[in-house]
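The structure appears below as structure tokens.
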Amino acid sequence: MNSLKKILLGEQGLVVIFAAAFVIVSLFVPNFLTERNMLGLLQSVVTIGIVACTMMFCLASRDFDLSVGSIVAFSGMAAVMVSNATGSIPVGLVAALLCGAIVGFVNGIVIARFRINALITTLATMQIVRGLALIASDGRAVGINDPAFYQLALSRFLTVPTPIWIMLILFIFFGFVLNRTVFGKNTLAIGGNPEASRLAGVNVVNMRIWIFALQGLVCGIAGILLASRITSGQPNAATGLELSVISACVLGGVSLSGGRAAMSGVIVGVLIMGIAENVMNLLNIQAFYQYVVRGLILLIAVLLDNLRSSAAGRRG
Amino acid sequence: MNSLKKILLGEQGLVVIFAAAFVIVSLFVPNFLTERNMLGLLQSVVTIGIVACTMMFCLASRDFDLSVGSIVAFSGMAAVMVSNATGSIPVGLVAALLCGAIVGFVNGIVIARFRINALITTLATMQIVRGLALIASDGRAVGINDPAFYQLALSRFLTVPTPIWIMLILFIFFGFVLNRTVFGKNTLAIGGNPEASRLAGVNVVNMRIWIFALQGLVCGIAGILLASRITSGQPNAATGLELSVISACVLGGVSLSGGRAAMSGVIVGVLIMGIAENVMNLLNIQAFYQYVVRGLILLIAVLLDNLRSSAAGRRG
Amino acid sequence: ADVKIGFIVKQPEEPWFQDEWKFADQAAKERGFTVVKIGAEDGEKVQSAIDNLGAQGAQGFIICTPDVKLGPGIVAKAEANQLKLMTVDDRLVSADGKPLEDVPHMGISATKIGETVGQAIVDEIEKRGWDMKNVGAIRVSYDQLPTAVDRVEGAISVLKSAGFPAENIYDAPQAKTDTEAALNAATTVLNKHADVKYWVAFGLNDEAVLGAVRASESVGIPAANVIGVGIGGAESAINEFKKPSATGFFGTVIISPKRHGYETALNMYDWIANGKEPEKLTLTSGSLALRGNYEQVRKELGIE
Amino acid sequence: MAFLEFKHISKGYPGVQALSGVSFTVEKGAVHGLMGENGAGKSTLIRVLSGDQAADAGSILIAGEEQKYASVRDAFHAGVIVIHQELQLVPELTVAENLWLGRFPAKGGVILSKTLIETVRTKLEEIGIDVDPSAKVASLSIGARQMVEIAKAVMLEARVIALDEPTSSLSSRESEILFSLIDRLKARGTVILYVSHRLDEIFRLCDSLTVLRDGRLAAHHPQIAGTTREQIISEMVGREISDIWGWRGRPLGDIRLEVKDLSGPRLRNPISFAVRQGEILGFFGLIGAGRSEMARLLYGADQRHQGQVTIDGAAVSPNDPKAAIDAGMVLCPEDRKSDGIVQGRSIEENIAISSRRHFSPFGILNLKKEAALADEFISRLRVRTPSRKQDIINLSGGNQQKVILGRWLSEQDIKVLVIDEPTRGIDVGAKSEIYEILYELAAGGMAIVVISSELPEVMGISDRIMVMCQGRVATDVARPDFDERGILTAALPDKNAAGTI
């Protein structure tokens, strides 16, 4: 009894609540727990999941990035256009990653070096980059010449599609980075107390720049996979991604005021968002009601988590 | 010389920079400084301007409200549908204000009483309320039966349309509330240090609830004016309003980490957003380039303000 | 005086509207007038766009409105600014839903386009000799956009009257109007009905149908078992046709942005410059383009 | 030989010249005291030394070498470590992580977590600090956090260590641990710059002393031997203060505040006591004795488990600070940074935040009155600031504390005043002024509860002292029976008793 309570109220409480919800959904929603549906579900959260990895760092360091959706679209475009132009897919991929990283780097420089508010900066780059994607493509989808590009998304390893593997690898990688490396601890430190970190000799400015650059790079990965999945570069792709990703993170217990983050929480946050969408479609809930249900699920998830942690008597 | 520097670097620096920009734009953009265009410009910022008044309080108290766009749409719908149903415009207006205030109140209760993260809560209500608006109208705009409703927006006083007057009155009113009342000072105090404010006898929970309810009420006003201007209740109206309003506030120097806000700054922020849009259309800048330009203007505005205040040697 | 006309559209990022603008510009160049292009995604933006046109001394404007119910407000605003008004694509309606017949309009009814899509699907089903009972239909829906509802309902009405069983039509609501959202929604439908062998798909536009086609590929349904018919005919559709082997994206109903952009602009110009009022109603039609004939169809419509 | 040398250091902030041309030297292996009124520039000097702030002019020499730091990191590499006045820890990280922050032991970027924890554990044991290295800092009390900060300086073998008011949140026992650490460092040849307002400590520890006044060098004593307290005080404040306590008796009235069986989450044993009109009741105890917790429960800042608090016979509703204020009780909290100052707001606003409700009809401010109130307390408490409009965050630590005190002393119709560590970080000159105000208030019939970890202070100003130990009241002594040894003994935990805290 007591150990059950401990599990429920412990650090991993959200995971436990989530697991319980998962079991309930599996039992009551037909077609939910099939291999096909599970893979479909995981595929549908690949973009959110991948971007959430670095968004976690960004939020944990008390920053904020609204430009992720635009970067995903832009680097997807870059991948396709450069592949087409050079005839080489690897060159296209490198170009996409580079584009992503450069935008992220610029974000970082402006925010950390010139000390401009992160919300405004990334809101600005969100628009600038989206504009560039539209200008580059004249607002049109760009098709992929070499069908091998599709294989990125269609290929499978042990029956599981590559994008899902990539997402899983990134989960593990960034989970490790957060908890076990100097980079991760410094991220949490500058979020928890930037002044103290600076006084302890952490190079806060550089850390922030790196985190944004990394965020951009990872958006590049997401952009490539997305372009491959939809077999074209679309300048309008991934609008509104920023809010979904940030919600997934916050749902997973990442604190917006910095210093607190856990990969397991973020994964759960991402999955909750994906499952909600999936189940509503499986249950054939009408589009307008889906808005309401989506909102309620968000609320209930944080409410449960909150009850749990306040029962555990933690300090706000 | 020195006094010029003082003005530029003082509290009102942003206002001065803005005034300079305004003069330049007036000189170089044809048709800009005409009475017609000025009134058109002011009309175009009525929604943002009105909602920014209370968003300023919300941000200043370290909160966050993403649901404003949905509330504006929802209460506009309510105004139209209730007016149509009862045949009485005043009843419709009261219903709209009530709807807005209730949603805001619920936000406040959930956030302040149940201590749920404001971002998640308002993201949830944003979807729920939008869903309700769509459900109520079956996704289509609802026309206004009684043409007298249009008069709200069309009527003029001293050649200036009523909505602009209402916006100005709200600017003055909320400017006064922020600087000259206990409510305003308590808002700023909560944002500066919630725990210290609580110990100093500020009822932090109630204050936050009030601020959200007020925000909802004011969104109701904006919703009514919008419905009157567009002569219908549109369930899709005002999407993305939240980001514009928050940017206008941040641009105007409201701190996202609470405790800092000024009405004059917010007004300038709102005007910068409006003028940027207006001038780009006057200059016939191509749609895709508008994104880029809009982003750059945002960046330049904060950058200038930042240079100014760091020259003044204030602490971050 | 110089003639200046406005061209306001609801979704400036969409290729369709880019094309309309392009053709309007072409007309302007030929006749020597100016087109001011403004994107207005909602009612409020429309209002300020009209004010803005008034302020810069335009004499009239053409608009594709974000919502047809904005009609009375647009008419009033145009009058207040003394601007001539014409609509394109979507026709304005009054509060009670009746078309505002006084406003000249060029367009195509959303329901009609939908019906063309439905007909194309029915024809192809018959050609492939499928039994409609064994076919599933994915309705990629975006119900908060009225045009989108009208289009898919148009398609459904044709399917049903051709004997397509209503219970085989499955809703895949997209959260946003991009391909990824359609892809995710359609994937769920396909997985839920894993036993269905043949599929047809339709939706708001090409992007929506492409999402459904991508979903079918990702769950391993062969292209020959899928008939997707889109609407629009811009690059995203053409890219499909250019792919080395045929995909489930069978065809697209192309509507001509040339007429909509070029002719409306000319009409407005004539109205202002020569006092020649345009026809109150001009309806254009959509043409089905397939992998084999899209180039020709586009040529006929004056695109490219 | 002069090991550390400051040459003509100047540093200005908008409206304030924090330092003007300060020069002095410190010998190798010396503990050098730095004294001065609040806002005299002590912390600023230390910030310049640590590379945190660049001086406008002047230079620093260590071992004859001029130091040029672009950042704190550079200063660290030059062997300079600073423990700042405001604690600089990351609450979300563990003790060990905080101690290693900025220089984690790592291989290829991956932290060697064993080394991390074990080195810290050994070090903490060696220096006698009883804190779990894997505990999150957020779960530690202020005192424990302060010890962690100190451990940081000791762990890194620095050439120069500056300690800015390290004992302000330590009790005598922890202070002793610190003093012995300082002795050891000194023996190693480390130069220690020691800032404190406590003269006892200065005399106990320091070899030499510098006094700053208004950002200038007021006095430099290469040898502390031979100087007197009176001399230093007058160098600091520019006047003589004979008796800083100035206690005088006053008639006591009926019982004002009565507390019965009060307990809460961190104060398990119910506590009861009463305070009369005009009485100043002192609470003494070691860190963690439960005094602050008692005060917070009394005031309603934390959730009460049980108990009743009455003022003049009327019950005060629990768990709501506002209700307590309405009932006539105020609490001046112990931790000014987290519970006191409202950052981003002016001195004026920080003072008026609570009392303005008495003179704001319909919620509309009376700006004149607020300004007058601010000016009054700025001058009475000698707050050093260019203007009452100054953001409180820009004040020196002691001046912030004065503003918070001003907030509560400016309250009207208060029947019960609870102040937790009222003079923490406050200079001697202002201290006597504060005591004066307390006596005045008490003479007006107020019941005052003073919590302090400084025994001389508690003994100097209280009419009665309650000594707490491990969450219980150990003894209750009336002024005629005050006895330093007796009180200290009562405060020390009994090794055999199993305390609840």
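Lettered A, B, C and D in written order, each chain numbered from 1.
What we mean here is this: a contact is a pair of C-beta atoms (placed from the backbone, for glycine too) under 8 Å apart; a residue touches a chain by one contact, two chains touch by 3 or more.
Everything numeric in this text was worked out from a predicted model, so none of it was measured.
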item	value
Comparison of A-D and B-C by number of C-beta pairs in contact, larger one	B-C
Furthest chain, CA centroid comparison against chain D	C
Geometric centre distance via CA averages, chain D-chain B, whole Å	43
Geometric centre distance via CA averages, chain C-chain A, whole Å	32
Set of chain D residues in contact with two or more other chains	none
Multi-partner residues of chain C (each touching 2 or more other chains)	13, 18, 143-144
Chain A: positions in contact with at least two other chains	134, 139, 287-288, 290
Each pair of chains that touches, named by its two labels	A-B, A-C, A-D, B-C, B-D
In the complex, chain B residues that touch chain D	180-183, 185-186, 188-189, 191-193, 195-203, 255, 258-260, 312-315
In the complex with chain C, residue positions of chain B that touch it	30-31, 34, 36-37, 39-41, 43-44, 47, 134, 139-145, 150, 154, 226, 229-232, 234-239, 277-278, 281-282, 284, 286-288, 290
Residues on chain D engaged by chain A in the complex (per definition of touch)	50, 52, 71-73, 76, 82, 84, 88-93, 97, 101-104, 106, 109-111, 113, 138, 265
Touching residues (chain side chain C, partner chain A) in the complex	13-15, 18, 141-144, 170-173, 175-180, 183-185, 187-192, 194, 207, 210-211, 214, 217-219, 234-236, 238-240, 242-244
Touching residues (chain side chain D, partner chain B) in the complex	13-14, 299, 301, 321-322, 325-326, 331, 333, 338-345, 349, 352-354, 356-357, 360, 363-365, 367, 391, 393-394, 407
